[in-house]
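Here you go, one structure.
Read from first to last, the chains carry the letters A, B, C and D; within each, the first residue is number 1.
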Amino acid sequence: MDEQLLEPVRENIYQLNLGPQHPSTHGVLRVLLKLDGEYIVEAEPVIGYGHRGHEKMGENHTYLQFMPNTSRMDYLSGLIYNHGYCLAVEKMCGIEVPERARYIRVICAELNRISSHLLWFGTYVMDLGGFTPFLYCFDDREQILDLLDGVSGSRLTYSYCRFGGVNRDVDDAFVAGARRFIARLRSRWVDYHNLVTKNVIFIHRVRDVGIIDRDLALRFGVTGPNLRAAGVAYDLRKIEPYEVYDRFDFEVPIGGKGDAQDRYHVRLAEMEQSCRIIEQAIEALPAGRFRNEYRYQHVTPPKGDYYLGFESARGATGYYLVSDGSRYPYRCHIRVPSFGNLQVLTEVLKGTMVADAISILGSVDLVIPEIDR
Amino acid sequence: MGYWKEIVEGGWSLVEGMRVTAKRLVRPVVTVQYPRQTIDMTLAYRGHIELKKFAESGSHRCVACGTCERTCPSHVIKVQGVKAHARSDKVATHYWIDFTRCSLCGLCVEACPTETLKFSREYQLDGETRWDGVIDLIQRLEENRS
Amino acid sequence: MATNDALIEQLRTLVGAPAVTADLDFSRGITAEVRVTLAQLWPALEACRDAGYFLETITGLDFVDTNELVYQVNRYEPRCRIALRLLCGKDQKVPTVSDIFSSALWQEREVWEFFGIRFTDHPDLKPLLLPEDTDFHPLQKDFGKVHAYRRRDEIYG
Amino acid sequence: MTETVVAAAGSGWLRIIIGLIVVLLFSQLNALFLVWLERKVAGHIQLRPGPMEVGPHGILQTIADGIKLVGKELITPRSADRILFVIAPVLVFMPVLVAFLVLPFDQHLIIRDMNVGLLLIFAFSTFSVLAILLGGWASNNKYALLGAIRSVAQNVAYEIPLLLSVMSVVLMTHSFRFSEIVAAQHRFWFIFLQPVAGLIFFIAATAETNRAPFDIPEAESELIAGFHTEYSGMRFGLFFLAEYTNMFIVSAVAASLFFGGWQGPFGFSLGLPGLVWFLIKVYILLFVLMWFRWTFPRVRFDQLMNFSWKVMIPLSLANLLVTAVVVKLI
């Protein structure tokens, strides 16, 4: 709806407080909606309910002590955040990482990405009112959690990566389990497509809903699957290959219009690509150490700053670390993808219906604690 | 024509979806009825930390150096130790952890120079007050021994 | 890579060649570092926007003698992360760049609440993550527990 | 035995009073059972067992829940319209009970076999919309209000195809009396003669009872709990029970109109009494309703209206026209 249409009904506009306690705001997001009937005139996300001051904590902890915090920002892709942080510190200090560890990290990070996308898939359909796919996804996701639990000892906040390697070595059971999981996931697609993707109700709920096109994305710094849905193949794993991603053959799935349906398809396709990466990494998993012999406790990077960008399940993430040569970072800034992905909603939600707002909020895959830090 | 096609195809997609759920309806359940059935924790499982018991001494090897204390990001650990006499090694007398603040990162286990720390595999750690989370690991070790 | 070089050349002419340090090895995670002044910030960022860049992040830094803002812009392809470093005095105000990049609306609010750096002409400068009545700036180095409060030249010397 | 009881009760007031008591008991217990059944169906569809703790396979779970609900504090929001707020849950349950008076459980097991039975049910079922509107309005909560508004619009839109599809059946039997409609299906159930009307009736009935995928007045993920957001304790319980009783009624009406009521297929009763046939059909339909709910996502409000006005109503009108012509020709 454009402005002109809205003009005569200005006086009938009322405010609705969507959240912070609401079944579909995933965590503690509050969206102040100005509504005209069911149509949204203005939407203002209000955030910060989960603010824990990670950046301040980063300045008060040594580099190693901050590592467990990293998996608590985006709790759905905690391992990817661990991974990125360790990479950043390793790059700063010039720590060499054994080959085996690098492959293990990639395998685990991709498993983590799949689990994050699976959870998104389930909760998104739940936001749209279909409860059952949510539990099917949890059934699948449980297999990943079991796998990662077996190697890292934790199911959500992994704290798995260490400077110069990983915490524990993977065994044959893990490798076999990962293979089994990939086969299982692939066999489930048929059912998921029949249950959700092809469902006429679902299609009507997502098609042409919440279009984020290239220009809008550029303006708001939208990244990740939300940007790729608009047809931009921007994936830091390809563009700025970190770790050993440049050794794998995988595609960056892209959409066209950038509506909720494209975002949905991009994420589903990404899971398949992650499966491919895992398969290749397992195939090429070298023998050797999973961790450097020297266990880095207190690292002191040289003075200066370093930025490391990596691709989390939600988009381009980055650690900006400033070292003053001591054991504590002078500044630890984290660029979180959900920040831009949420901010763009101030534009996108305008003129949509409340039901669409839920669909859009779900489709951009927000993790609020990540934004709040 | 598109109108009819959409209705028929849409209706058929719903039937397809119902087939998927019907198939699941007759499958066995995958969940575990928790208090009645339990699952074994994996070997890697990280519960709260615990002192290892070494066969040769029948006790822990904690020398109360305090490395874990300093490594812990959440200041969970407090260690006290005494020297039996001036030339002997220090031996821990108390090893408190406040489990309510522990984030189970495992940095202390890695930091321990005598490798006397390990993860317990307990997961039923509920309590009524916050003080129930404060555990003296040395006392716990003694109790487990008897 | 041609387009990247074009922008860096353009920035060189905008802010003067010595202020631009290109780092094609990417050894610090950025392609080029550009020191800008308050007056050059707008034209430099506008040039970035016109070249198809997006604002990745704004980071505040607090030193004893000065504040510093690091604007990082990036483009979709090929990679080219440019850091624009803006030194601003303790009580200097910075012009908002939210007209150039909409994402700055929130990022500047975040910098304001955490560092107390004011942005002129920002339409809605209120705390983003902290409660609305917050009157302290937690990432300033004189707030709470701090390990070191240094002068800028101690780090970047 | 039922026949003797009914006969002994005779006609008139005594019959109605006994009927009411039986209806009250039956509708309440049935609703509790349905809640349990829904949770079981949901559980097994989702690969989990559903309620298991209270009683064998959790059969007593809903009774325990009911006791909990009765014991809960009834909270009235400070800014609510107190009288309407209290009335609404009562009002939502009342018409539900009335509908039981005319449902044909068996050839003789009808409390009141009125010649306008069908009309009575639809007249009273519209009442529940009013109750929902009252509840949503009186709560003085924006989510509740939105739910109420949606509910009214939805019910108005779906009442039309519902009645039009019923009219096709009425045209064939020339009667609004349930017993006659059912008796007319002695050989062929009307679902075979009127498949389109049957389908439309069932879809519209799903919408009328606010069941998924048409549960937009409640729309958990959008409107918290829709019109009963502010209700607690047994007031919420009444809304809840009314929903399940409503489901039972629409399934019962569908069974009577399209699936031959108390009669077996193609005139074979297979030795089962009419009541059993009737309940079997009703529960199968109820199961389908639950199956819907745990399979589909929710439609959007405007799509729901579009579907009603652009698909359901034209289709049911066309169906009615064809029926009228065919009936006239035969």
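Going forward, contacts are C-beta pairs under 8 Å (C-beta built on N, C-alpha and C of every residue); 3 or more make two chains touch, one makes a residue touch a chain.
Everything quoted here is computed from the prediction, not taken from an experiment.
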Q.
Can you identify the chain nearest the overall CA centroid, using each chain's own CA centroid?
A. A
Q: Select the chain at the greatest separation from subunit D, using centres from the mean of Cα atoms.
A: C
Q. Where the CA atoms of subunit B average out and where those of subunit C average out, how many Å apart are those spots?
A. 42
Q) How many angstrom between the C-alpha centroids of subunit C and subunit A? A) 25
**Q.** Between subunit D and subunit A, distance of the C-alpha-averaged centres to the nearest whole Å
**A.** 43
Q | Sites on subunit D at which at least two other chains make contact | A | 45-48, 294-296
Q: Scan subunit A for residues touching two or more other chains and write them down.
A: 132, 136, 139, 195-196, 199, 201
Q | Residue list for subunit C, restricted to those that touch at least two other chains | A | none
Q.
What's the complete list of touching chain pairs for this entry?
A. A-B, A-C, A-D, B-D
Q.
Applying the document's contact rule, which stretches of subunit D touch subunit B when the two form their complex?
A. 41, 43-49, 52, 291-292, 294-296, 311
Q.
List the residues on subunit B that touch subunit A in their complex, please.
A. 6, 9-11, 13-14, 16-17, 19-21, 23-24, 30, 42-46, 71-73, 103-107, 110-111, 119
Q. In their shared complex, at which residues does subunit C touch subunit A?
A. 26, 28-30, 52, 54-57, 59, 61-62, 70, 72, 74, 76-79, 81, 83, 101-103, 105-107, 114, 127-131, 138-139, 144-148, 150, 154-157
Q: Spell out the residues on subunit A that touch subunit D in their complex, using ranges where they run on.
A: 14, 16, 22-24, 38, 125-132, 135-136, 139, 195-196, 199, 201-202, 204-205, 353-356, 358
Q: Provide the residue numbers of subunit A that touch subunit C in the complex, in ascending order.
A: 47-48, 51, 53, 55-56, 59-60, 88, 91, 217-221, 232-234, 239-240, 303-309, 316, 318, 320, 322-326, 328, 330-331, 333, 335, 339-340, 343, 347, 372-373
